[in-house]
Amino acid sequence: MTFQQYIPIIVVGIGLIWIFIRSWRGQDVDRRIVFSFIGLTVALALIFQVMFGERATAIVRAAYDKIENLPEGSRILLSYDFDPAMAPEVHPMANSFIRHAMAKNHKLYLYSLWATGQTLLQESLTEVLEPEFPEKEYGKDWVVMGYKAGNEGVLNVIVTDIRKMYPTDVHNTSLDSLPIYDGVKSLKDFDLLISVGGGKPGVKEWVLFAGDRANVPVAGGSAAVSAPLLYPYYPRQLIGLLGGTKGAAEYESELIREYPRFADIDTPALRMMGPQTMAHVVIIAFILIGNVAYFRGKRKRRSEV
Amino acid sequence: MANSKNLMRIISAAVALAFVISWIFKSMNGMEDTTWLNVRQGALVTIAAFLTLSIYSFLYGDNPFYRFAEHLFVGVSAAYWMSLGFWSTIVGNLVPRTHPAIADFFQIAYSQDIPTYLRLIMIIPVVLGILLLLRLVPKVSWISRWPLAFIIGTTAGLNLPRYLQSDFIQQINNTFITMLPAWEGFGSFFSNFSFSASGQFAMIMSNIVIFVGVVCGLVYFFFSKEHRGWFGVASRIGIWVLMITFGASFGYTVMGRISLLVGRITFLFHDWLNIL
Amino acid sequence: MKRQIPLIIIMTVGWVLMVSVFVPPFESWGEEASLFFDIIAVFAFFLGGGNLIRVHFTKINRKSEGWGFSVVTVAGFAVMLILGLFKIGGSISAPVDTAGTPFELMFRYVMSPLQATMYSLLAFYVASASYRAFRARNIEATILLIAAFVILLGRTPFGFYLTAWIPESFSILEIPNMAVWIMNSPNLAGQRAIMIGIALGVISMSLRLLLGIERSYLGGD
Amino acid sequence: MTAKLYTTITAITITALSLLLLLIAAPHALLAQSDAVAESPDSATTAVAQVPDLGPILITVEDFPSDAGEALIIGWEDPGYVSLPDFIEYRVTRYTDDSDNGMVIGTSVLNPEVIDGEASHSIAHSYTVAAVFPDHEVISARSEPAMAEIQWVAADKYAVIIIGIFVCAAVIFFIETAKRGKTLFLRRIAGLEAIDEAVGRATEMGRPILFVAGIQDMDDVQTLAGLTILGRVARTVAQYDSKINMPCRASLVMTAGREVIKEAYNVAGRPDAYSDDMVHYVTDEQFGFVAATNGIMVREKPATCFYLGAFFAESLILAETGNSIEAIQIAGTAMPAQLPFFVAACDYTLIGEELFAASAYLSEEPRQLGSLKGQDVGKALAMIAIVVGGISVTLAQAWDIGLFQVIESALRTAFNIQLPVR
């Protein structure tokens, strides 16, 4: 963190101490102070671009380690199963997966079960994959398969034979002329399946219809609202999960920490997390201060009686 | 009193001036092509920013700016939903079933394959709708109870099986879970025992808590038995489980709420003031 | 008469629709009834809009306190209604909220900022409720507080750092894991108990309506 | 008198109907399994040179269960064509007469089954299934003509029907019991006892009462529950001569709210004091409604606020604004996600089921109270099922005890709501 990022933390810290002292003395803190405090916290954090070094929780770390520990040249499938509404939360996850897989020299296969996923996939290509990894060759190191209608029906087919559903890639090139598909017949030939999504079909469908049946590990990224529904599959059927902006931020910070080449990349999830984390800490502090003041007030009243 | 009114006038004038200046700056942004579009865009963003700040001013207390925004919001949104209801329900669903000429007028596809009885049946809601409007005639206003009765009957009739199926039976079915998942005998349980989050002990605890929690939660809702004795104990555990549920929902919701604020402040700083 | 006919309507419609769910050839009746409801609701819009205008006109007429704001409501309503009902600036065959029409601009730059800002007020109220309302007054409130606290902590980096020293064999005590556990176990149990209770409440309430026992909403004779 | 008649008639009708349903349902449910309508005779396969003859494609045509006679399931046995290198797909063709004018109704690669969703229940269809290769096809013989059948009872919903009848019968039984004058014990609910007191407080302070019946329309049962409580609140308001203000998000709720309050004023003997202005429509926009209600609160400063019905994100905005004007707040909702905010910020909260029970409690009418007793029977059923089910599943899965495996599968069948997907 640079020096200017400490400014909001110092300001907010002093403010919290002041509120604490006031409450401790039994003076009432006006709700307007509370309001302006939370507004100020978020505004300052945004202006000074506060970012915290997130630490990956076990469930995120598991996904990270899987990509990290696969032998070089492993086949990783990444599916874009989301729409623009969910994109702020989950798009950063997809970008992180691309970066990580490419940096580890894995082979990347990009799919989409949502019609809207394809345009978002294109964004990732023009903003991340192509500029950051110009040395990687299309058709050899990565390939775009695009969207096919049929939801989980698509999975039902490609779990035994990809060419039946996708005779060609998104540019109408036959799979047989793409070196990346040498020796790949079905999902069973992959080393890891990753779905990034927040609706249906999404991570759950990849687990049930693809991972379980092909016996290939599945990792996922999902919007915060649907993440709790996926926890039951972890760790057996789902080896790792990124939930919401927080999950995305944890992954980004792991990448930055362990890969010097990513030190200067744009990290939208971490940026979003800065103000949120500050606000959360303030709210936690409010609960604590409120309770301390409450118990002190109670003891005082009792001693007066 | 007069003083505060004058003060209000001064404040209003100052605010108005500030936003006009903001508009001018906004319009000049990207000077090379200061076209009419830029001026309009500047005005629209400035209005949006003004309304945003007007709502936030409510946090300080009621004031004319909030009142203005609130009244504008009510008027505009009522008309918005009215227009949407008209075009999507009346024109979108009713008109295609009436007559080709009417459908033609609204330039919407006339649905031909619908059998006649499905066309005629649409008279019912129209008649009921008209009966509802009879409320405006005091003498026969009681007739508006008929459409109300129709709606209440529909609500009751459709919701009973729906809730029975998805909230009652389905939820009971979901609770038929084993309390000893992946059980391979006591020996294996004790030899592999750990307090790991992904260990067997954690899984067993989870399922037992779900099982006990659901049953005790239901006991809490029991109406026809005094909550005393063992029943009282169970109902107490039930309340605790409910309280954990509420606490968890609270903690979980907070994050989403903060991101809404982040969104608004980003709008103010980035789209309006261009400082981010 | 005034009460009897509505009661008969409720019972007939209610029972018929309820049974139709279980008779495949009539399964679609529920959808039809929902469409009926939507159409009646549009007629009701006229009642509502008329009522809104009447309330504000009375205020303007009487020059009662704050009547100027009523002018704002009426004007906003009139402008938006004319833009919407006549699809000003758009073609009749295009959807009413086609991008670029005045109606859509009003939505994007007036209604939607108001909506989003009103919604975001929640961030402030969550903060003030945390300071003021979440206090460990009794056992129940304390339990609520602790659960909320663990989940909240689990969503910040501090939750991780606070308990990162705990070895893997005790990882259930790590705050992020505890947060997940609370969400998936006691929270799930509570939600389920509430849902089952609600289902029974709805069933019993519907039955009271369909049997004509509950009828306060129908007014008197 | 009439009410009694209605109750009896409906009770008889429901019992008769449900018995009838059961009678029809049972054989259907049993039959459905062995309901192979037609099986094709030996297929004359037209195999061509390059494709090895793997034998005929045998097809079956079955009725789609529990529908309105609109669908047939065409299934076949794959003799192994799927694994041939050039294989493209299986194609199913429907014929409505003896001619060769068929219509392709679907294709499938792996799943040996296609559902014809546009089959008729008055004309018989026959089908062929063809394994398609780049240059040629292997076609099965035509199936025997078959028709889709109308099922008059959704046999797949037998669990819902039977459990539904049990719960409804319990409710009706206790309504009847209560009517005969048997007093029933009911525990107290704190929020309800506070209502009168809260209204009284508003009268003393000379301030109005705010009532919000949720933000959903009349098609949500929670709104109806809120309105029934409104009846009781309004009666107290009329007796105490307080003022009530009810902003509505939907104009149908406004219409119903007016009926309720008007009737309450009539019952209280003060019809002249009622005015339509007590209930007014605001806007259908969720946050526009919240903005206006907030405005009402800070300007009129109601002494008591009721929030009873379906609420979403606005719950906390309303409750905190109410707090800032120091109003007594009584809330009730069946929205689990909003309950924590009401519990934390309001004085009393009706949790989930209590909202629906409230009107029965408040009416003090025996029949209404009886229905609550019926609800408890439903709860008891749920608890017994869960306890027996949980224990059986545990014993069955951990130690493979046969008896409990039987109980487990029996319970899973009884509480099964698997719906077939078309």
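In this document, chain identifiers A, B, C and D correspond to the written order of the chains, with residue numbering beginning at 1 in each.
What we mean here is this: contacts are C-beta pairs under 8 Å (C-beta built on N, C-alpha and C of every residue); 3 or more make two chains touch, one makes a residue touch a chain.
Values in this document were obtained by computation on a predicted structure and should not be read as measured data.
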Please identify the chain with the largest separation between its CA centroid and the CA centroid of chain B. A
Could you see whether B-C or A-C has the larger number of C-beta contact pairs? B-C
List the centre-to-centre spacing of chain B and chain C in whole Å, with centres computed as mean CA coordinates. 4
In whole angstrom, the CA-centroid distance of chain A from chain C equals 29
The distance between the C-alpha centres of chain A and chain B, rounded to whole Å, is 26
Find the geometric centre of each of chain C and chain D from their Cα atoms only, then give the gap between the two centres in Å, rounded to an integer. 18
Quick check on chain B: which residues sit in contact with 2+ other chains? 55-56, 58-59, 61, 67, 69-70, 73-78, 80-82, 85, 132, 135, 145, 148, 151-152, 154-156, 159-161, 163-164, 168, 172, 175, 197-198, 211, 214, 218, 221, 242, 245-247, 249-250, 252-255, 258, 261
Shared-interface residues of chain A (touching two or more other chains) are 31, 35, 38-39, 42, 58, 228, 246, 279-280, 283
Please list all residues of chain C that touch 2 or more other chains. 7, 11, 15, 21-22, 34, 37, 40-41, 44-45, 47-49, 52, 111, 114, 118-119, 121-124, 126, 128, 132, 134, 144-145, 148-149, 152, 155, 171, 174, 177, 180, 183-184, 190-191, 194-198, 200, 202-203, 205-207, 209-210, 217-219
So in the complex, the part of chain C that touches chain A is made up of which residues? 123-124, 126-128, 130-132, 134-137, 145, 148-149, 152-153, 155-158, 160-161, 164, 171, 174, 176-177, 180, 183-184
Parts of chain C lying in touch with chain D, wherever the complex brings them together: 4, 7, 11, 15, 19, 21-27, 34, 37, 40-41, 44-45, 47-49, 51-52, 55, 111, 114-115, 118-119, 121-122, 125-126, 128-129, 132-134, 144, 148, 190-191, 194-198, 200-214, 216-220
Hey, which residues of chain A end up touching chain B in the complex? 32, 35-36, 38-39, 42-43, 46-47, 58, 224, 228, 234-235, 244-246, 272, 275-276, 279-280, 283
Chain D - residues contacting chain B, complex: 157, 159-160, 163-164, 167, 184-187, 218-221, 224, 252, 255-256, 259, 281-285, 287-288, 291-292, 294-295, 298-299, 336-337, 339-341, 343-344, 351-354, 357, 372-373, 375-376, 378-379, 382-383, 385-387, 389-391, 393-394, 396-399, 408, 411-412, 415-417
Given the complex with chain D, which residues does chain B contribute to the contact? 55, 58, 61-62, 66-67, 69-70, 73-78, 80-82, 85, 132, 135, 144-145, 148, 151-152, 154-156, 159-161, 163-166, 168-170, 172-173, 175-181, 183, 211, 214-215, 218-219, 221-227, 242, 245-247, 249-250, 253
